């Protein structure tokens, strides 16, 4: 049976590249199941047949691990970076402050309740003391993907999204973006865990993929998608 | 033998009233239910068929209990072996005439019956039509033969001839009479037409406001004096016209208007709308076929 | 656990307005379809059902494209009437109406097709216009179908969230309806709050539906 | 004056046939449409009302064109100022009797009319009932007065008396006659009943297989002679019974059964079901109120 | 751009099976409601509509809890019959049936209520059982309502994705239906693929609906 990897929406582009590279290297196939971290968590609790979970944060995998649905404790595989994105030609070099401008009617942000990138985005806005000036322009997307849809459809003028999105091949050349100063928000640590469902041969495959994530080749993929890489543990992540 | 003893509350034109019928109908008799509109004829038929339940009552057919409200017995409609012709025909709109008939057929019965019945009422050409495409009288005929398809023991007919022309009406009356005898049916017919009742029924139950007013053979009931060469007509006064010293009274009696010469004194007592009897002492009728 | 009641109100408002509009739009459309003898009738009937076959959030996505001020339809509205359909209550209403249209049109059409033609004809011979006949004779005779259409539309608008989520932007007090609020709590693994919201939604809806059905029986009996 | 000249293809019981009527009806006349079931009576009425369109035809009423298929003129039903009583009544099931009548009322008309009409047909007590709770005859009466509510110029009646008992039937016939005169109506009545036609119509159009077989005044058509103090009844032979050298013939005429003594030779020609005329030369009727 | 046809097949299979089951379950339920004179009828009617008022994925969440082998109902099924309803095709079917139930029950009930009682009575007097009468007389006379119920259920099952996503788990070849596939492409901002899927879904559904409506007209005419 194929390896089933549940992945949070923002990491799907990097994960796809990872699966491709993994297949080229080991000839082992893996299936991605893209969903929100919240849904995946709910499903895993009810016995979803997923082997590996690449979450958008540390909170969900930690919960699962505490409740005994995982084989180990979560480990950070990448740290997300926040970017400000615009389709139109406009000056956004000044960062989020551009959202306060007259020409901006709508700023799309992920819902902090359901998406870690939303939490980070609001932290940044607040840190810049912009909240009161832009709060009436904010529209909330259920996930990073919906934030992207708001921007790409023209419904929103600006969006705060994940850097991994704008680095994805499908987004090449679509508008312009600037990185949000990473000091304005808490790092978006994204964790991975092997789930209890992985057993026997499945477990071996899951472990192989897990190792691949932390291999130099795997790390290079995440780097290419704009993630900040966590420091390698002293013993190289072998388990 | 059918024993009926039922009670049901009805709201009649004249306020609430009780439909209360206690009567016996002998097997193989042809009974007409007669009475004013709203007297309870349809209701009685529906109770017999099991489509309506009386508040209280017993129905026994050939010793078998069909209904006993006290003992909470109620034989389902399906097992009563009846044929019912509804006042509104109740043909199945999604089936053709033939399908309506075939549906009524018992599985074991011969399918040729459908064609024979269709031929009997002169509807072969319309066999593949839906009821919506039929005239009123055609629908009535279909409803009639559909009720006969199962050769029921008791046939309940709710004004089955009301939309038929005289000729067709007579033809069907004869056919029902024949079938009634042929299949040893017990037939109950709701009808407003005295002549019709006279022709085919051997007993009349005259309902009025839910009660049996009178019952018996038609000629006894309709109170005709059977005296040869004597005539007694009832009718309504249409007009009273002075004509010299006498007056001419026009009376509508059945299908005829009769003019009667009366004296001025007699005329004063007569007004349009009065119901009158016309008698004749010296009447020498001549009969001629037309 | 703080429960915000605002989304609930918003939902009820949305459901009432959308159902009202659906009655206004769907009933005439159903009447037209029921009466139509056009060769293309089947095509129109199929088209009315189409909004259903797209997943709500995908439909929402396309509506977003259409309604967005940079889109054609949305641009036109925005420049001509200064109406913005995305991220506004108006947009939610329009989206819900489009998505729930088949729930109103189909039952009402089926109902109209079952009314005996003679009733309509009788009304005409009494000198009543087609419009008067429609309202005084046809509609009262398809009460069960109208009720079905109304209940389905109403309930569906309450529960619908894919379209609403997409074109609404989840703005508190403006477009965050109850369905989105429950969804958010489930997504956030905040199950106790989700349970409370879901229960509230169920109770309120159940109350309304019960009222509708009970009234309906009363009215029918008299 | 109503001019009708229409053609419409119908599928009759005997195969396809053309309904082809070319006739004139003078204003304020009372015309009966007579004919076998399926002859096209209802169809003709519906064409006149504008509920059905003939393939080809012209209808002109008082010089105004109601229909001209060549010139593609077709006056909507609503503007034809007609009253129509449907064979299946077509009462609005969701309205009470009173509401059915009120709906028919023109806005400017006095609302007292509803009560007066209800009283006329003896239905005041049932005014607040839905049609489903009425008997067949009660429904028919409601349909009839509903059609009269608008005091239409032309009244089209499709067997309006078929489910009524003799008494009610006669009463309503009289009332319609009266209304017909009072409001200068032109009335077209579909009926199967010769006697009924004789009583209230002044002209008969006899349809057969879609064609006008004969038309004219009822007595000419049905061959009755009106002579004062002379009696001529039409009826049906019920029974022919030998009684010694003579035979007694029972004839059903209207609501009466008459017995006539005939010779053995005469009796041979008479069979049950025959329509006969009864004449009297020496008839000295006595009239008495009852 | 590789288009996987498997989700489309899966969707059609799901829609056909669910609609079939809905006919089996919904029509008798509708018949019972139409005939019922129970005082609690309004309560049952309201309950039937309730699945609608919860957002699909929230309903899906509760179904997930109910169906899961650790839940009561799911545990019973799993221990007694070894049936697993979560993350399986069977679960999708059951979820869709529950969610689409009102779309079948309400129109059919409304249709049955409009059939004149005398038709039923006539069939009884012809000796036909209630069951025979129901199938031979009542059902054929509510064809428009049955069609409405079938089309709404079918289309809704095709487009439904909230419940299916939640209890199905989006597993390729097993529970990834077309609606989820389109949704995934939209989520991945892979719009060209989304357009193709959406168009395909629309075309196939349109084709099926058109066929249904055209056949319906044909059958009606004859």
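Which chain is which? They are A, B, C, D and E, in the order written, and residues in each are numbered from 1.
The criterion applied here is as follows: contacts are C-beta pairs under 8 Å (C-beta built on N, C-alpha and C of every residue); 3 or more make two chains touch, one makes a residue touch a chain.
To keep track of the chains, here are their UniProt names: B, D = Sulfate/molybdate ABC transporter ATP-binding protein; C, E = Molybdenum transport system permease.
Keep in mind it's a predicted model, so treat the numbers as computed, not measured.
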From subunit A, how many touching-chain steps at minimum until you land on subunit B? 2
Busiest interface, judged by C-beta pairs in contact, is B-D
Taking each chain's centre as the mean position of its Cα atoms, how many Å separate subunit C from subunit E? 19
Cα-centroid distance, subunit A relative to subunit E, in whole angstrom: 36
List the centre-to-centre spacing of subunit A and subunit D in whole Å, with centres computed as mean CA coordinates. 86
Suppose each chain is reduced to the average of its Cα coordinates; what separation in Å results between subunit D and subunit E? 54
Can you pull out the residues of subunit B that are in contact with at least two other chains? 88
Residues within subunit E bordering two or more other chains: 57, 61, 186
Find every residue in subunit A that makes contact with two or more other chains and list them. 39, 42, 149
Pairs of chains satisfying the touch condition: A-C, A-E, B-D, B-E, C-D, C-E
Help me check something: in the complex, which residues belonging to subunit E touch subunit B? 116, 118-119, 121-129, 136-137, 140-141, 143
As the complex stands, subunit D meets subunit C at residues 49-51, 76-84, 86, 88, 90-95, 103-104, 106, 146-147, 149-150
Which residues of subunit C touch subunit A once you look at their complex with the stated criterion? 61, 64-65, 67-71, 86-87, 165-167, 169-171, 183-189
Residues on subunit A engaged by subunit E in the complex (per definition of touch): 4, 9, 12-13, 31, 33-35, 39, 42-43, 45-50, 143, 145, 148-149, 152, 165, 168, 170-171
Which bits of subunit B are touching subunit D when the two form their complex? 11-15, 34-39, 41-43, 87-88, 122-123, 125-126, 129, 133-138, 140-141, 158-159, 162-170, 174, 192-195, 198-199, 219, 222, 224, 226-229, 231-234, 236, 248-249, 251-262, 266, 269-270, 273-290
